[in-house]
């Protein structure tokens, strides 16, 4: 039997612009980073289409995954000051942090909606399947890969470990808020991580925070809130997502209609048919997708051609705010008008909704249960965050939703024939803005 | 005749992590950014293979080009305080700054070496040819595109303008040193740009710097020096470049030998034949190249397959320092040994040399003339930088060269049959290290 | 008649760690900075006793005043893009920004409470009185000093100008939040000032902010909220303030009782008698105060001696939270016990309360009217901030108050005789914590 | 016998703007920080008169001393990975780092020149004398204070320990370069401390640096070079020093002449007489000095009065470059002219010279021996830095000296009577500039 991985002869470091250095002492982690499945994350951007809004945001999931690992490494250091852990638990934490996004594909958000793939399933598949990642993990024991997969799937027996990587304040979020702020250049996203780590205390089923650190937690929650609305749900990014998902739909529709592509989209076949293997999935990355989008600009289908050109050259759709209930009233007329001027409303008139629940306390029985953040009083009592903080209380449990209607204003403006219809369409749309 | 571009109704800003904001007031600039040739720069990384060494360095030439434009915008503001310019000269400067890298293709360094393309020629081609960029520039007058191309080619009549974008201290270098430092996370690359811009003074044929700002100039030269050796010539990056250029060579060789590719590499045909059109060139970006590298991992040719896998999964070559004169003595034996154990030395034994001339004063008649940096004394005299600064004097005119020999240590280690040859090879190589 | 000040031959710059550079082009500003009354601000710390909690916070009001001037300079630049101002209005703004704190004395907070001085009155006195500042201002016209004083006193006719320097989001606050965060090293206090300045629009009676910049305003309000509770009201700082004010009270009491000081406290005489002249006031700075505190460590009065030693050597009082209504019940017993063990409760048992109203909308008729922050919708409508922002709404109009009871725990711990009384005191105090 | 200090129940942290947090785990360190001699460093600025040039530089030696301690704490952590130390050696290092500047008085540079005090002697006196610091140190053993004093005096047996705090690259310099850069706001002074600490390796008599970290060392040396000439030797700061030392000389001269001061300068008596006790010395701080300078503005002696006003109100002397050999020729005439127009040349015509040796390799037998910086090759060899680095070689061993002649240009300009002499003086002085 193979010898288990131990400690590297000399610590390896990665220069990281967010955490300055990422420190690797464990052979296991070093080997995981070297696997082809992990290296593949270099070809998948962390923020999908956001680079079309914030040009700095070109960083990948590789970049982020190393960051989550580094934060987890520091968390574990803190936790080990307070409780005795066997060394395997530590490695389970580190490996889970490193691999938590391993199942992501290119532009996951749109792909999952159109092709009903699920990156969490793929993560499990990569960790437990026939992969380099699995072979490395297995060196630590037959059960080890399963443990790592369980942590990521939140089914692991040790709830404390799960909470470090998936909770309202975990290594994943702590990294991405800071990293995405760094790369986009926005001034939000900063909070005092060093202090958060220092006031963190392990309990049986989650990490809690000393009450004296409440303001650092508040600041983190506010960063999260600002990043969501300023960066993640930026309407221009959503416009690019809208076009992206329409491209995927169009290609699938054409395929199903027996359309003859000039360059066979063989990487998409199994996606179209819904029978995708792990091997097929691992070949998908953003290079492959962008290769096809470029090729499809020369396809004969005018819709596919136009949408791909829009995505590649950033000729995005414009948008108006809309109120879905109000909007239903104008929908039939809009569709009729779009048809009249020759625009297929399935591709050129799209509603996109974003919503966020910035912080939630526990409500048993509700659909998406979330473990609340608890503060530890000097006397040992735990208090739920929103009961202590006015600011958090103000935004907790309040789901905010934003609806936008996207359409190609340039096509309307440029068309010559249907002046009256065009005026009517613009009038209907602009009236939505209120 | 079309109306010339004027000033935007409302200033546009881009959030930029390096310069905080990039300000666009001129319609011309806004339109240029929107062209498909400029948007294409989003698919070409600024630092080629450097992301395999510094994972943060995933930023593109789009990112950098906006930065150079922004610095030029500030330079022009400063210069206009000192001299009267007609407004066209200002726009020529801004457009040249924005477009100075428009001719770059994917991994330019290796492509230019293997296929003898020249990004400066392509820049000219894009500015003067049948492109969206050309059509936008032409709105400013028939002669306008030529002026912009001349500035970038350093043949423009106004040498001051040329110096702002191509000299030893120009908008291009000022941006890339800061930007590459930011994204890699290294602590070099910082200098006081705001001060440099403030002490800059225009003269007839170049911008000079007030003597009181000498230390800021020194600091900039030192940043440059450190970035070259710490980042740009990093041996791991060069290992990736070595593999990349071997892949291109191999593909070309196979093509010339009539090898049958599983997936026709049609994007490469005109490169292979040396007859590439502007249209072909503009289709090349890093997505396309990486698409093929992934496909080629499944080719039958074992060398192409192996090299592509190495590049995609970051299984790079190891290296030893080497002294080219010494190394010539062992070369015949090494080649013989490599042949014996079945490794084609054309692909698996590669010398790479990097050299840098951190600062040079003017030496008439020499091959690569460089305009020196001049300091302006209070009495109006100009003094060449290295005569005033000990530190700069120390490194000026001194070309430093570094040679490394790259080889696949893993293949040597893993092979079982030729134990003796392997030992001999390793001994010869290690002896180089001295 | 003297020639009015114009523009400096060459712009002067100050290197500033917060704003990078502070730019001075106007002779008036340059001359004001050179006056002895302004230079005196170098001897008065911006944050009083805060340096005893955050050792980095040693910066002075000189430092801050330059910063407020610089922000105002940028605000005026923005505003002049939108409205025509005569050049005098601009200089009134800049001078008022620079001089807004000119009337501050050493440790103003405590001095004002004990000696009933008022820094706003002294500001007026310095601007209108026989000072170098007044003589410089007068060069701009007889009415000019009065205008500057009126802006600072909020009685100036142009309410827009007043709002730039005294409102809920003004140049003063924008500087101190950033500056105090920088020097203390806390991670709060950051917001996107550049964006705030860009979305600022002048109206007749205040500056408003474009609605699209709401999140930057929210972020600013949250910074303010965090800085108040994390820095400005830090309980250790307040402990130092408590001791400081007790020292001043004791010195005054002793003086009134005819106590013979070893070293005559001549700088304090007019403060003690309440008849302080401008000349006397301008001689007071922190050096003078600390000189006396050092001298008083050798006075015979044990209370004065002890309190001064505590302040100089940072042997501060400890504190417990207290609820003023509850606390009234134990007060009589506490006083009796303190008397019994020989501690004068007037000096050794002190309640300090801090309260903050992080943001308030306008409530006509209330004591401290505050002009609300208004957002400008694209259609020209104004909307009050807290109606648009959930987060601001959560904290607006909510006065938060914190009461603490300070006492010398070391003296209790060290005393030997009254063990029972000591136990009882500690029990009473600790019970307050709840 | 008292129990030795151990480890604090809970780690204490100080928020520090340069190192983010300063961590204290040892009771000894906590107690030393609380002594009155250490708290006194809060009243002595780190950079003397530099705040008159860079307004941000108002930080004190307290601030810096904590920083040096923190860097030493990290160094010791690194070193303990490589060698076994007894725990006392660790505490000796930490205490010496914290206390290395404890003997500094106000404006040490000028005081030492005028009154021949020596802060190194006072450091020893405070550590070994009857002080709170000594009493705290003694708890660790009778010999402990002596060890700490020996480390600071460079006479300690363990040369490695000495080198950590006093060498060309030590905890002291690492802190002050970064801290002074931070507070002044200049862009120099940054280097990659984290990397330096990671490549540091202990040897018997000094810490050396792994060769792979050479560029980080180079960068540190360049930072040092830039900080000296851009900040520490700034001519405006030196103008303030010139005035300061003239004030001290004048006061001493007057005292020796039996001049009757309005307010007895009792704090200066023992300085004037050269018989200063430890108790006297510890009472001196910048508040006391500035108190007297303010008082002396009202003295009858016109020179003392004028010089104090200049210092307090920042009406500094102007300067011209001078070449001491050339300058000797004009000296007699200048003195005569100054006398003629009634300016005492002893106070109003002052040459100040600054010189710096940015890096030096060891030259046995020379006056100021400095231990060179050594690089550790992978094979275990040591190589002296300047032999490996071109940049360092360029500036090593080269003493650079700068001479300036200071004089009150305003007094010359304002005087009316001696127009001819004034012209002649200005002509002689300006000719120096060359």
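The chains carry the letters A, B, C and D, assigned in the order they are written, with residues numbered from 1 in each.
Just so it is clear, contacts are C-beta pairs under 8 Å (C-beta built on N, C-alpha and C of every residue); 3 or more make two chains touch, one makes a residue touch a chain.
What you are looking at is a predicted structure, and each value in this text was computed from that prediction instead of being measured.
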Return the chain pair with more inter-chain C-beta contacts, choosing between A-D and A-B. A-B
Taking each chain's C-alpha mean as its centre, the one farthest from subunit B: C
Between the Cα centroids of subunit A and subunit B the separation in whole angstrom comes to 32
Geometric centre distance via CA averages, subunit C-subunit A, whole Å: 45
Rounded to the nearest Å, the gap between Cα centres of subunit A and subunit D is 52
Overlap residues in subunit D, where contacts from two or more other chains coincide: 20, 186
Please name which positions on subunit A make contact with subunit D in the complex. 13, 20-21, 194, 198
Which stretch or stretches of subunit C touch subunit D in the complex? 14-18, 20, 34-36, 39-40, 42-43, 51-52, 54-56, 58-60, 62-63, 66, 182-186, 283, 285-291, 294, 309, 312-315
Show me the residue ranges of subunit D that touch subunit B in the complex, using the header's touch definition. 186-188, 190-192, 195, 215-216, 218-219, 222, 225-226, 229-230, 390-391, 393-395, 398, 400
